[in-house]
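One chain, chain A, appears in both complexes that follow, with chain B as partner in the first and chain C in the second.
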Partner chain A sequence: MAADALTLRRRHARPRVRLMPQLTGWGFVGPATLVIVGLSIFPAVWALILSLRDDNLLAPGSFVGLQNYRDLLDDPDLRAATLHTLLYSVLYVPGSLVIGLPIALALNRPIRFRAFYRTCLFVPYVVSAAATGILANFILDPQFGIVNDLLAGAGVARQGFLQDPSQALLTLVVVSLWGSVGLPIVVYLAALQDIPRELLEAARVDGAGAVRVFRAVTLPQLRPATVFLVIWQTIDALQLFDLVYTTTKGQPLDSTTVIVFYLYQQAFQLFHAGYGAAVAYALFVVTLIVSGAALWHARRGEAPS
Partner chain B sequence: MIRKLAIVLAIVPALGFATACGGQSDDEGGKVKVVWWHGQTEAEGQILKDLADEYNKTHPGVEVDPEVGTTNVDEMLQKVQAALAGGEPPDVAYMYGSWSSTLAATPKVVDLSSMVKDPSFGWDDFWPAAREAATVDGKVIGVPSVVDNLGLIYNKKLFDAAGLPYPTKDWTWDDFRAAAKRLTDPGKGVFGTSYVVTGDEDTVWRFWPMLWQQGGSILGSDGKTAAFASPQAAQSLDLWRAMAVEDKSVYLDQNGEKFLPLFYSGKVGMEMAGPWAMRDLADHQVDYGVVPLPGYGGNHQTISGPDNWVVFDNGSKRAQAAKDFLAWLTKPEQDARWSLGSGNLPIRQATSKLPAYEKFAEQFTGADAFLANQENAVQARPAIEGYPDISAAVGDAIDKALLGQATAQQALSDAAAEADKILAKG
Partner chain C sequence: MRRQWPYHLVLMPLSLLFAAPLVWMLITSFMPDAEINAYPPRLWPSHIDFGGYLKVLTEDSYPRWFGNTLLVTAVAVVSHLVLCSLAGYGFARLRFRGRGVAFVAIMATVMVPTQVLMIPTFLVFKNLGLIDTLSAAFVPWLATAFGVFLMRQFFLSLPRELEEAARIDGCNRLGVFFRVVLPLARPALATLAVFTFLGAWNDLIWPLIAINSEETYTLQVGLTTFAGARHTQWSALMAGNVLATFPLIAAFVVAQRHFIATMSFSGLKG
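Right, the complex of A and B next:
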């Protein structure tokens, strides 16, 4: 009995003592929680419900269960959009790393006007994708663009670029790389400056040449940065939308219709909002799996060392 | 990165959330409020604001509140979708005619049948194609806000330079092709004409007149099957294919934003365009003329893409106030200020009898030709819910043919098969 009474009293006593610190804690966390719940979780749940409905957001729709998800599997246009997205990602993600790393290495050396070069390379990243797209439209116009004028001057045949079904997606990759290579450069630069000087010096003292130092010391030290960049750039690539919207609108012949642009078309131009939400959710799951796999792979690679 | 994902997932609800936060009350100081999303900016927006101010002055019980809604009318339906999800739609919004069937299925859209049936409204005075486009299964989903039609505008200087006679109202499509070929000059970067290959409705509606001119129709008489893949239609599409692929006389405009500016700067000889171009043509001081579209066998039918003012239900009081306002707005005197003031054709015939119209016709070359061309706009696109999907299939077909990736007949037949599937789904 006595013990019971004791625990009872304790139970009563505890909240009173902890109330203030708890309130303070919630005071700090509250606003952010509200923002996350209101702007992320609430819409995400709403979209999940929408993906189970045949709905255009105008007329009252109906609950269709998993029908939208079944339709995903048998949609040749979505399959084509997925292929375009994959092709884009496969070119864009390694491309941005392969271009970004040497530039970061160069900018990490004591050269003249280094800060100026760094700024120049980062500016395109700061420019919005919309501006990049409009600019690309101008200079790559097959008939009136400056790039074709230069090519013609150099004796090369005029190209269709964004208006040629076989070139459009590749052109988009190039434009994206131009616009976003600033990120890998900055991330690699920061990582390069974090490599302990002693490691590099020790390697040189041991007689390693420049190439050997790069392969045996620099690259492994850059691993966390590389993992981060691969995940980040992959998510970026899978969600490509703004550049397509401002340049090709998925044309010519749907050759640049990527997944997010396709779901936008379905939801807002063809009035299949439920189906669009289902595509969004499928993409979300795929992105989650891809990021998870990349992280897992990275951790496994770290384990032995 | 989670936040970025959430943004993509949340395009729709976030918009709804945002608009839901900006509440609108029914009464403001005892006045009935009418929120009006007109989608017009600059000078056009100012005209509408002035009209609203005047209405508010003369109608003390009502407060018409003109708002842009969106600066790009392409996104108006998207905005209203979000506003509906948030439960606060505008009372009146500017909507494209191609959305009519979707709007008709929206319960919140107010049926205006009783309003237009009132003799004082003068519904018969509106253009037949515009009336048809606003009516879906007997439900009147809106009243015309802008009417237009496609005609052929041509650059006189380029015709003079090529030593060609100007197009006439009796032109055939073969005349059109021959002239386009003669006008084309790759050295100077000049094209005979252009075609919009966005693959959406902007691509598709330019094609339907050629089908109609030969007695064809988009759907079969039962409305259950596609009828646009006829040999005549294929021949028409093949004409464009040959012009684009063989003659190379067609500038293919991928985003639909370049073909008119190119015409203004003298790089394209002829364009299928509507009266909406007249203002810019005047600003750029282009020496141009307007004729109806070329035809088949003397048939010069065109297409009209009328846009509408659509009323959304925010309670009967506000709906009634919105209707009263629209009845006033579409009276010839107000129409003259809005339509003619913004460089558009009058939405009703009575407006064209006013002195303001004479001034308008003097100010804008081709206004009379476009007005006369309204007579050639006799058919409307089918007002069915599947039309956007069918349009997307036809848009792909036209693009394929113009880019030389398929024969015209093959492309159209594929699109028709897809359309049949869409129609079967209902």
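Right, the complex of A and C next:
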């Protein structure tokens, strides 16, 4: 009897003693978890359901199965938007790394004015897309813009930039690079400072020249930073919206309509909530595939060493 | 020391090229429109003209949008600092059931792009009657996975001994957190505050969707709409841009020494 009571008490007592750490733990993490997961998992599931329906943004519709996904495969406007997004990404992602890395290497040296250079190159990163867009429209205006005035002064013909269908997307790439190359610079700088000094010195002592040290030591050490940046910048490029909205609004002649801009038009201007959700999910899947491929490639590259 | 001039030869023109558009924005914000449109172009105003600023601050709802954005950003920063540092500490130090699941769930949300969430979130807010209110603008900014991750990584990098000493001295968890841990976390908190400030201040697509009436606009939505309506009044547009941008540049310059340090511990090394 007494032994039974004892085990009984112990069995009941155990959770009571351990309740406090549970409560403390959840007290710390609960609010943030609720906000973050609640505002994301729940809408994500809802979006999946929406993508299988033909709902209007203002009124519910009916279940249509995979019809939205079938439609998006034969949507010529979406195909054009995808093409623009791909072209933009192919220029923007490598561009930002190719510009960012040499600048970071130079800034990693003990030279004068380093803080000045770093500030100048990073500050455009904090300027909002709205302000950047307005500024780009102003500076690159075909008639009044200062860039065309300077070009005319140098004897070059005036350009249409954002108002010329053959130049608009390319101009957007240049404006985006101006506004965002600060990130690869800072990330590469941080990674460069983490490379153990002994490693570089050992390579030099072994007689490697500057180019050899860079290729055999620095570049492999920067690999995690590069993988991070490729994924980050690709997601950024695939989700391009703000700058298009504040400069061209997809014009001229729809030459800058990118996927998210098209999605915005479908969902919030034409109110096709179901179709918009399907486009969003398709983009989500593409993003996952691209990030997964980049990670897989990085893993495979690391395996031999 | 080897010769430096090859570096300066590349970095100096590049830096000036990067700064030039912002300098031009500042100069033209003090130029009367007639001089901005003059031909041949002027690079310097004949006198400092406040016409653009006056127009922006008196004729439009600009001060209101500025106030709205200030409010949204303040709520976002405070809420981020509180919720993310609490959660970051919980995930870094406390043991409790469901910790792993909760952390993975938070990190998984990083994969879901905003575009997927926009439409249902809009519908939820519409049903709650929150569309076209400022609370719609800040709800997505109350806490983010990035903030939780950043703070967790920082707390993991702190030595445990200090906290254990305080615990032995009879301080409870919350006391340890506020008196011992938070004061040490100042660099991480500064970085988190600046990133949140940047994100919430510059957010465009969500307030664009969630807010329709002019008096509830945030600064970014207002600027964009205002640019469409006044597309030749460049001095006013540039004045608006300057006022919207300089708080950010100031915040960045103040906090920039924390950035690189934070980036190297936040786990970019995979």
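What we mean here is this: the second predicted complex is superposed on the first by the 291 of 305 C-alpha atoms of A that agree within 3 Å, B and C clash if a C-alpha of one lies under 4 Å from a C-alpha of the other, contacts with A are read in each partner's own complex, and residues count from 1 in each chain.
We take it that a residue touches a chain if its C-beta (ideal position, glycine included) is under 8 Å from a C-beta of that chain, and two chains touch if they have at least 3 such contacts.
Please read these numbers as outputs of a predicted model, since none were measured by experiment.
Colleague: Please tell me, clash or fit, for chain B and chain C sharing chain A in the overlay.
Modeller: When both complexes are placed onto chain A, chain B and chain C end up clashing with one another.
Colleague: Of the partners chain B and chain C, which touch A:106 in the superposed model: first, second, both, neither?
Modeller: Only chain C; A:106 stays clear of chain B.
Colleague: After superposition on the shared chain, which partner residues are touched by A:24: those of chain B (first), chain C (second), both, or neither?
Modeller: second
Colleague: May I ask you to decide whether A:137 touches chain B, chain C, both, or neither, giving the answer as first, second, both or neither?
Modeller: A:137 sits against chain B and chain C alike.
Colleague: Return first, second, both or neither, reflecting whether A:203 touches chain B, chain C, both chains, or no partner chain.
Modeller: neither
Colleague: Answer with first, second, both or neither: which of chain B and chain C does A:216 touch in the superposed model?
Modeller: neither
Colleague: Should A:165 be classified as contacting the first partner (chain B), the second (chain C), both, or neither?
Modeller: first
Colleague: Is chain A touched at more residues by chain B or by chain C?
Modeller: Touching more residues of chain A than the other partner does is C.
Colleague: Quick one: is A:267 in contact with chain B, with chain C, with both, or with neither? Answer first, second, both or neither.
Modeller: both
Colleague: Could you look at A:290 and tell me whether it touches chain B, chain C, both or neither (first, second, both, neither)?
Modeller: Touch status of A:290: no partner.
Colleague: Can A:151 be said to touch chain B (first), chain C (second), both, or neither?
Modeller: After superposing on A, A:151 lies clear of both chain B and chain C.
Colleague: Give the stretch of chain C that clashes with chain B in the superposition, choosing among 113-121, 149-157 or 239-247.
Modeller: 113-121
Colleague: Starting from the residues of chain A touching chain B, keep only those that also touch chain C in the other complex, and list them.
Modeller: In the superposed arrangement, which is not itself an observed complex, chain A uses residues 39-40, 42-44, 46-47, 50, 57, 137, 144, 235, 239, 241, 260, 264, 267-268, 273, 277, 280-281, 283-284, 287, 291 for both chain B and chain C.
Colleague: Along chain C, where are the residues that touch chain A in the complex?
Modeller: Interface residues on the chain C side: 1, 4, 7-8, 10-12, 14-16, 18-19, 21-22, 24-25, 28, 36-37, 40-41, 83-84, 86-87, 89-91, 94-99, 102, 105-106, 108-109, 111-124, 139-140, 142-145, 147-148, 173, 177, 198, 201-202, 204-205, 208-209, 219-221, 223-224, 227, 231, 234, 237-238, 240-241, 244-245, 248-249, 251-253, 256, 259-260, 263-264, 268-270.
Colleague: In the complex of these two chains, what residues of chain B are touching chain A?
Modeller: Contact set of chain B toward chain A: 1-6, 8-14, 17, 77-78, 80-82, 84-85, 102-103, 105-108, 189, 191, 197-200, 251-252, 254-255, 258, 262, 267, 385, 388-389, 392, 396, 399-400, 403, 405.
Colleague: Could you please specify the touching residues of chain A with respect to chain B in the complex?
Modeller: Its residues touching chain B are 38-40, 42-44, 46-47, 50, 56-60, 137, 141, 143-144, 162-163, 165, 231-232, 235, 239, 241, 247-254, 260, 264-265, 267-271, 273, 277, 280-281, 283-284, 287, 291.
Colleague: Residue numbers of chain A touching chain C in their complex, please.
Modeller: Those in contact with chain C are residues 21-22, 24-29, 31-33, 35-37, 39-44, 46-47, 50, 57, 103, 106-107, 109-113, 116-124, 126-131, 133-135, 137-139, 144, 146, 149, 178, 186-187, 189-191, 193-194, 224-225, 227-228, 235, 239, 241-242, 245-246, 260, 263-264, 267-268, 273, 276-277, 280-281, 283-284, 287-288, 291.
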